[in-house]
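Look for chain A in each of the two complexes below; its partner is chain B in the first and chain C in the second.
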Partner chain A sequence: MSASKAARSDLLNDGRIWKGRVDKVNAELVVLTYGTIVAQLCKDFDSDYLQVNKQLDKMGYNIGLRLIEDYLAKSNTMRRCSNFRETADMLAKVGFKIFLNITPMVTNWTSDNKQFSLVFEENPLADFVELPDDGRAQDELWYSNIFCGVLRGALEMVQMQVEAHFISDVLRGNDTTEMRVSLIRYIDDELPPEDD
Partner chain B sequence: MSNLQAPRGGGKEESGLRYPTNGKTIYHRPLNRAKAAELSGASFAYLFSEMVSYASKKIESIQDLEKRSMDPSFTHKTPYLTRFIASARLNVQGHPIGLKLLDLLLYREPARTQTRPLTIITLLHFIKINVWQHLFGQVADGLEKSSDPSKPDEYMIIDNEPLVNRYISVPRDMSQLNCAAYVAGIIEGVCDGSAFPARVTAHSVGKQEEGEMWPGRTVFLVKFAPEVMERESFLGKG
Partner chain C sequence: MPVQVYSLYIFDRHTECIYSKQWFQPAAPAPSALPSTASDQHRPANGTDPAITAVEQPPPAKPRRNKGGDDAKLIFGTVFSLRNMVRKLGGDDDAFISFRTAQYKLHYYETPTNLRFALLTEPGALSMRNVLHQIYINLWVEYVVKNPLSPVEHKGGEGVRNEMFELGLDKFIRGLM
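Then we have the complex of A and B:
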C-alpha cells in the first residue's frame, strides 16, 4: 500500500503522469484528416497550388496561436528560452515530439544564429501521400505547409516573429524534407537580448 | 517475384512524378507501418477544428451540395439536403476516406476474413467494429434497425461520445450542425465503396439536461438506396 503511494508520488514528480494521461488518437485518423483537408483545398482553389500553400499556412497560423498554450502546459519547461538556438532545440525536441511524435533535426545555422533548418526524417502527415501527377503539383505545392504556419503562429505568441518555408520535400522528389526558419525580430523589447 | 521495385515505368504509363533517390516513396513503405501508431489527440483536434471552421466559412453557394444530390448513384431525394451546408461539406471530405479505408482495413484482415461485406448486416458490423476500432480505438456503442416499419432501409449506428466532437461545442444558433458529419461521410464512403450506396447523416440526440449521461450522443442514420434493398430482398429469398 505505502509502496504504491510512493510510486504514485514519483509518477507525479517526474511528470510521467501526464504522459500517461495525454490523450492519443490513431495516427492514421490524423493523417487521413490532413490529407482530406489538402485535397479539398486543391479542389476548392482549382489546383492553384500557390493559393493552397497560402491557405495551409493560414490554417497553421490559427492552430499555432492556440497550440502554444498547450505546449507550455505539456512541456513543463516553465521558463523562457534564453536564445534562438535554444528555441530551435525546444521546438524540435519538445514541440514536435509532443504533437507529432517526431524529432526533426536542427541544422544549417547561419553564422548570426538567426536562421536554421529543420530536416524531417519522418513526416507523419505525408504517410500514404503522392502528389497529383499533373506536372505542376511537384513544383508548386508544399504539402506540409501547415507546419510553417504553426511555427509562425506559436512563436508569435511568445514574442518572436519568424518566417518559415519549405525548401525541399521528399514528396517533390527531393532526398530530404527541409524547412528553413528565420528569426525576424523579437516583438517585445523587454525580452533579454540574444547572447550566445 | 513479388518484390516491389521502384515504380518508375513499371507498368501502364510512364509516371511524370519525380521520386527521391533514396527510395523514400509510398511504394517502399509497408502498408501496415502506421497501423497501430498513435499521435496526440490535440493534433487531431486542432486539424479538425480548422477543417470545420474552413467548411463553415467557405460556404458560398448551395452549388456543391446540389452537385452531390445529382449524383447518379443517388437519385432518391432526401429531406436532409436543406440542412446545413457545413455538415454537407464535412460529409464530402469524409467520403474519400471511407472509400480508401475500406480497402485498407480489408487488406489488413487475416486472409480468410478478407472478403468484402456482402449483406447489409455484415457491412454494418464491419463499420461498427472494424472501422470504429481502427479510427477511434473502440467499437461503436450501438447498431439498430429503424423501428419504423415504413423505413426498412434505415439503420442507426450509435456513438455515445464521438471522438471528433470531444472538444467541439456548437453555438446555439447552429444547433443542427453536428461535426460528426465528417464521420458520417466516412461511413458513407465505406458503404458506397462496398456497393451499398447509402446516404449517411449525423444527428445529435443527447439531451442537454443536467445529469445527462451522454449529452453528445450521436446517431449516424444510414439510409440505403432502393436498389440495395431490392437486392437484399432477392438475396434473402435465395
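Then we have the complex of A and C:
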C-alpha cells in the first residue's frame, strides 16, 4: 500500500502524466464479493426481492457518485458529451471497458434519442450464479441491479438525470440481459446564493 | 520554469468553496522596517521597475488577508460569470482559461462534474491548466474521492483536508516554485 503511494508521488514529482494505468483485481473475488452482498441482502430482507433490488440500486448509486470522477481521470476525456447518444457510447465502450473489461451493446434507441438499451453479452457479476429456487426470485430479483444505480449516480454527477432498470436477465431464463436507460432531463448548473 | 503560486481554491458543484490554501501573498506587503518615506519616494517611479514597485508600493491586495471567506465568494462569482459569458459567446464547448491583472494571474479549470479549481499565480506564469488537471486526477480523485470514509458531498470542506491530500498538494505546488 505505502509502496504504491510512494510510486504515485514519484510520478507526480517527475511531472509525468499519469494515465491509462488500470489496476486489475481478480474476477472471482468480485463475483464472490458481490454474490455475498446479494445473498446477505436476501437474508436481511427476508427474501423480499423488491427491497433487495432497491437496496442494490441504492448501493450502486453511491458507488456511481464517486466512480464518475475516477472514470474522468482514467479515460482522460475531460470533455462533456455533446448528446445522449455519445454519452451512451462512452458509457458502454469506455466506462464498462475500464471498470469491468466488457463492452455491452448499445441498441434499441427510441426515435427521440432519449432511451436506449444496454445488452450484456457477458456479465462478470453473474458468473456461477443461480437464482434461489423459491418460485419468486426468478420473477422478482434483478441480480445485477447495482449497475442501474451506478449509471444513475454517475450520470447525475455530470448533469444528467436518468432512470435505469433491467428488462431481462439470462439468470431468469431470458435470452439476453438487457438494461433500459432513459434520460429524464439535463440538470442545470447550481447558482451561487444571492448576496444579502 | 519556476513559478510563484499564491493560492488555490476548490469549489464544488453546489458552488461552495470546499478547499482553499495560501502559499504566498500576491505582492507581499512592504517589510515593516521600511520607513514609509522610502515607499513614497519610489512611488513616482511606478511601472519603471516592477521589482521595486512590487515590494514597496502599498499593495492594493493587502486587505484580502483577513477575509478568506469573502475572497472565495468573490472569486467564485467572478469565474462563474466569466465562464458563463465565455460559453454564451463561444459555444458550450468553449472554456474560460485564465485572466490576468498587474498583481496576479487566475487560472481556471472545471471538470465535467462541475468541480472548479482556481489557482492564483504571479502574473507572468504560463498556462497552469495541466497543473490543475494533475491536481484533479492525481490528488483529488486519489485521495479525496477514493477515500472510502470521506463523504461524497464535502459540505463545509468535510473530508477534503486529509493528510494525504494536503501533503501531496503542498509537495506538488512547491515542486513548481
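Keep in mind that, in the parts below, the second predicted complex is superposed on the first by the 167 of 196 C-alpha atoms of A that agree within 3 Å, B and C clash if a C-alpha of one lies under 4 Å from a C-alpha of the other, contacts with A are read in each partner's own complex, and residues count from 1 in each chain.
Methods note: a residue touches a chain if its C-beta (ideal position, glycine included) is under 8 Å from a C-beta of that chain, and two chains touch if they have at least 3 such contacts.
Just so we're clear, the structure is a prediction, and the values are computed from it rather than from any experiment.
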Dominant toucher of chain A (residue count), chain B or chain C: B
First (chain B), second (chain C), both or neither touched by A:Q138: first
Touching partner for A:V158 - first (chain B), second (chain C), both, neither: second
Which of chain B and chain C A:F99 touches, first, second, both or neither: first
Partner chain(s) touched by A:G173 [first = chain B, second = chain C, both, neither]: first
Contacts of A:V25 with chain B and chain C, given as first, second, both or neither: first
Touched partner set for A:N62, first chain B, second chain C, both or neither: both
Which superposed partner A:D70 touches (first chain B, second chain C, both, neither): both
Shared contact residues on chain A - chain B and chain C: 62, 66, 70
Complex contact set, residues of chain A against chain C: 5, 8-9, 11-13, 15, 17-19, 62, 65-66, 68-70, 72-73, 78-80, 82, 157-159, 189-193, 195
Complex contacts: residues of chain A adjacent to chain B: 22-37, 39-40, 44, 55, 59, 62-63, 66-67, 70, 98-101, 124, 127-131, 133, 135, 138, 170, 172-175
Residue ranges of chain B in contact with chain A within the complex: 15-22, 24-26, 29, 33-35, 37-44, 46-48, 50-51, 53-54, 58, 92-94, 96-97, 100-101, 134-137, 163, 182
Chain A contact footprint on chain C (complex, rising order): 13-15, 73, 76-77, 80, 92-93, 111-115, 130, 133-134, 136-142, 145-146, 152, 164, 168, 171-172, 175
